[in-house]
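Each of the next two complexes has chain A plus one more chain, namely chain B in the first and chain C in the second.
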Partner chain A sequence: MQATPYGHGTKWRGWIYAGPSLILFALFMVFPIVENVVDSLYRNGVPGLTLFNYRAMLHDVTFGIALKNSLLWLVLTTVVQMAIGFFVAVLLESRIRWGRGLYRTLLFLPMAITPTVIAIVFSNIYAPDYGLLFGVFKLLGIASRFPALLASARTVTYAIIVVNVWQWIGFYVLMYSVGIANISPEVLDAAKVDGVVGWRRIWYIISPMVRSTHMSLMILGAIQALQQFPLIYLMTEGGPANSSQVLGSYIFQTGFLESNMNYASAVSIVLLVLALIVAGVQLLVTRGNFAIGGGTRS
Partner chain B sequence: MIERRQIHVGAYLVISAITLLSLLPTIYMVDLSFRNPVSSFSPSLIAGHPTLANYQTVLANPGFMHYFFNSVMVSLSTVALTLAFSVFCGFAISRLRIWGHNFVFYVILAGLMIPLAGLIVPLTMTLKSMGLLNNYLGLIGPYTAIGSGFGLLVIKGAMDNFPVELEEAAVLDGASPSRTLFQVIVPTLRPSLLVVAVWQFLYAWNEFFLALVVMTNPVMKTVPLMPLQFQGPYMTDPGALFAVLTLISVVPMVVYAALQRSFVGGLMSGSIKG
Partner chain C sequence: MIRISKVLSLSLACSTVALLAAGCGNSTTSNQASANHSKVTVTVWSWTPVSSTMNAIVAKIEQKYPNIHIQTNIEPNSDYLIALKSAAASGSLPDIIGLSAGSVTQEYRPDLQPLNTIAQKLWGPGWKQDFPSAALSQAMLGNPAGNTSTYMLPQEVEVINIWYNRQIFQQLHLTPPTSFAQLASDAHAIQKAGYIGFYEGAAQSDFVQWMYMQIAAQTDLRGLEASARGVPEWTQPGMIKAANYWKDFFTDGVFQAGALGDQQYPTGANLFAAGRVGMMSLGSWWLQESQMSTSPQGLKTMQDYGTFFLPPMAPGLKATPPMGGVDFGWGMTQNSAKSLAVQKATEEVFKQLISGVGEQTSLNQMNDLPAFKGMTPTISLNSHILSLYHNYLAEIQVAHNHEIGNPTVAQALVSNLQSVAAGTESAAAAMQAVQKIAVAQENS
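Our next item is the complex of A and B:
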């Protein structure tokens, strides 16, 4: 273990410094999770431990939709955001000389806007008859074929996922830009000398060098997708006919609208277990090396 | 060479197109806020005859400012506490190397991987039993706990790079650990502190789910709840609703635009890793 100049006593007394963080963590994370587990084992208003809520979930069609949609969100948003973000960042860092910072700033701006604002703006964009998208269809002379994206069970989830992708692209671009900027020039020069250029350079040199950025964006994206709620709540309230429901919105519906906190707790456990799986996979793959930004240097 | 220049022009075109697409909804929002009631239902990007009437309507509405006041209180407190606690905890882990420092680090880092939606139900009950519903602390506490994962990751990473010789010199001069922390180490952390501050500010300013269930009293509601409050009353007056949305968005956008250079610089400079 590395020596510190502060003397041995601080190894115990130093816990005082970690105290505030640990207390907050215990109070607002550990304690609620424990309470959540306990609550999920009671049936609403009935005494005695039971697996009732978990058994009920198996037959709950809406829960099935919510789970399926959450997984769809998890995979689609993460993959699409990473792909576009990486592509734009590579272009930005290797092909753009002037205005790089301006592009990065402008692309990041949607990240600063409250999701509830974004939800209403996009509801308007998607709206039939007066929305912006309808205007485009009208301009192209195909107004009669305008799809009501938020009103159809087939398209609604994808339409909302697009909104999430739109908001988060700038964040992904920024993170990849940081990662790419931190690749040492010698590596890129060596690759050029060896004739590794174009797509092969991106695939065999740049992408592996920002591996830790891939990993952290994967987990941040997954967690962000799993806690999705505001866009769905304001754009569709989970409809039409529950078709856009995700675990977050279903927790709100069962717990706060239908006042069945115990069932909502059980759904929450499923959500937390999903996050645990994501985190576990990440930990296995990276062996604990979680990095944001210039993670390729040590 | 000619081929090379063509690629660059192409890159500018592609990036500009993507950037424009990314700004379009925001432009549309601002544009709608300047429309009169007649043109507000016109499916176009720019409609003629802009008016300031919507802003007059909205700003004349009493009980508008308290949303902003509440959000300022919650966001600034969250930022201050996250910074302070992350600095203390990072110091204990990185510099003091307390017993179990790895354990403490990974425990708090786990906060990064917990989706808030999964905590909403028990958190609400916990806050209720603590009497923290409709109380600033009911948001500040959880936001700080959640943000501490990111804060610690960034700040501990920056502290790991701090040269031990400087600490030794301070200790030899008789400085206590806390004095060394505040007078020697913290001043070198500015870029990292700024990254955490900007990130936490945007998070606390924009968070919706917890605010929705904790702040049920209209007087205590924060800015992200405004669209919900104004959607109904301004149903037939989209211009006014979009004026509200624009006003809401101005604060975080200005904060980010003002600090983005240092924010990006901070991200670029540090190898943030755990």
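Our next item is the complex of A and C:
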């Protein structure tokens, strides 16, 4: 056995401990990714390696829409959820004296509801003629101006993003609440003594102190946005005319509805690369400084 | 190996991993004869009928064959498709799988047993006469040229048409329309009375396709049937005219506002069941609502509901002829042939599902129309339901195909029709786009 600074055999012991995880990682992560790349290099039903699928993507209008929408989802959901989540958490932690737990629970509740139910409920809320939102417009006497949000290519993606934000906002509030609760009271008191109150307190004291939570939620938000599929499939099937398609829903459509698994593999590789770029940029920016629930761990 | 990797890698490599893995995670029970206590296990997977109906079917078959144990897995359609792919890739398909006609059957054709000889054994040499011809030809939709085998046989068939609320029509002194102009004026009158005139869930692909096919059957039935079979004629004048007529439903305010963002199921169906919709494009399966304990009285008796075929879209055209075919059917996988005992038991279960106690149980819940001729519900039904049922049974015998063989073409048709409805594409351009994809698919 080779000696290490930690003693004889420690190096091998480390490999033995890590081995099972590494095998599982290789089997369920590395192997599928490699095979997925290989599959993407075949044309459906045609033998021989080719870049056909990647070339086809360049001329595929629906792929372009899906890519654009995925990026829109990535930016909008992450930014909006973080902004609202942060300010609601600040409000909860600094202004709400009683029932804080109840508010947190109520905000968290949508996360416990299955996307199927959420999709049905919001489809009804958005529906012209008989939907809840239409009812509000009617009450205000502006029914004729009611937009068919899910029927228009211009609004459909935003309408579904709103639903996603509504569903996830509780999670962001909870994470920020934990982060804010972890800030030392002495720091906040000292800021108060120095006259740092109101917006300046939020901007210069609280926000930097929960930086690690910002970073964690940014990564989680990005992953969740890129994973998006159920709400879109259930509310619009990617329509009308593919206008709400994202990469996730397009993979399902091409792979499972149109039976073109090779093309779906190629699209999934693009999605994987996109996710890696986003994660890489975020890791570079944060230098690995992130934690769930705040704190100041680096 | 390549097929294993296709699904595994796609399922696990990218960010859709959770969703796909969930679908792949269904444990595949052994499809071999499990000789526990001399019982043979037959595994059956499907997305339909609903679990409660399937459980009742299984109970009846197991009661009839005490030596057979049936293990089922019923999942929503999207999950089912993923589970099937994963199982096929790993060679662990169950003995019997639920299939729709066309692309799904074709996709699993290499894993399925040709059923012609088995059908002859189960129902005799004249077995083809036992099924509606439209359903049988749909069962073979997409077969390679010269392949006359059938790999799925239908348990239930369907006819598509327009349902209307008779209460609303009576209340407003309306009659079922005999022309598009009357249909439009009926819809407007119903809307004016505070109901939804004609509900169309145009966000749901099947119903967009079916509505278009009902129109195109009036304008160019031959071109439609050829195109559906895979001989593209989407740019024929009649096909373009049908796309224009489809648009009229939106521009003339026949469909409800925002129809492109609406779902036929569950939203539209719930509204229709609640008596808030005047007309809706559905089909023979709507009869099953009469057996739902939660249905209102008018729906339980179907007294509030009636049917008509899409009336002529313009002078000189005829009303849409009956259109329909396979609702769902079953295929026997190659896995079931690995052991004689399982093959025999699988054949028994297969027969019972299509023409025995299985279908009888389903039929008694009015799930849809029986594919096998001569079967009839044994429950008590009022004369109105019986009349609707028998009309449908007669119509399915002469029905024209309501499915498009190639799923990529079907998807292209739907998205282009949505563009036409949204006004972002002309009917001619839309059908050109469909034709282009259809030709590319034909050549690939």
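In this section, the second predicted complex is superposed on the first by the 271 of 298 C-alpha atoms of A that agree within 3 Å, B and C clash if a C-alpha of one lies under 4 Å from a C-alpha of the other, contacts with A are read in each partner's own complex, and residues count from 1 in each chain.
In this section, a contact is a pair of C-beta atoms (placed from the backbone, for glycine too) under 8 Å apart; a residue touches a chain by one contact, two chains touch by 3 or more.
Since we're looking at a predicted model, the values are computed, not measured.
Superposition of the two structures on chain A shows chain C clashing with chain B. Judged by the touch definition given at the top, the superposed model places A:35 against both chain B and chain C.
After superposition on the shared chain, chain A has more residues touched by B, the comparison being chain B against chain C. Looking at the shared chain after the overlay, A:15 reaches chain B, while chain C stays out of its contact range.
When the two structures are aligned on the shared chain, A:264 is found in touch with chain B and with chain C. Contacts of A:184 after superposition: neither chain B nor chain C is touched. In the superposition on chain A, A:278 contacts chain B only, with no contact to chain C. Stretch 112-120 of chain B is the one among 76-84, 94-102, 112-120 or 184-192 that clashes with chain C after the shared chain A is superposed. In the superposition on chain A, the residues of chain A contacted by chain B and by chain C overlap at 28-29, 31-33, 35-36, 39, 120, 124, 129-130, 223, 226-227, 229-230, 248, 251-252, 255-256, 261, 264-265, 268-269, 271-272, 275.
Only residues 1-2, 4-6, 10-12, 14-22, 24-25, 27-29, 31-33, 35-36, 39, 88, 91-92, 95-97, 101, 103-122, 124-125, 129-132, 134-135, 138, 166, 169-170, 174-175, 178, 181-182, 212, 219-220, 223, 226-230, 234, 247-248, 251-252, 255-256, 261, 264-265, 268-269, 271-272, 275-276, 278-279, 282, 288-295, 297-298 of chain A touch chain B when the two sit together in their complex. Of all residues in chain B, only 7-8, 11-12, 14-15, 18-19, 22-26, 28-29, 32, 41-45, 84-86, 88-89, 91-93, 95-99, 104, 106-123, 125-126, 141-142, 144-146, 148, 150, 152-154, 164, 167-168, 171, 177, 180, 202, 205-206, 208-209, 213, 223-228, 231, 238, 241-242, 245, 248-249, 252-253, 255-257, 260-261, 264, 267-274 touch chain A in the complex they form.
Interface residues of chain C, counted against chain A in their complex, comprise 2, 5-16, 18-19, 78, 81-82, 85, 103, 107, 196, 202-205, 256-263, 266-267, 271, 276, 407-408, 411, 414-416, 418-419, 421-422, 424-425, 444.
Remark: chain A residues 28-29, 31-39, 44-45, 62, 120, 123-124, 126-130, 148-153, 156, 223, 226-227, 229-230, 233, 235-237, 239-242, 248, 251-253, 255-262, 264-265, 268-269, 271-272, 275 touch chain C in the complex.
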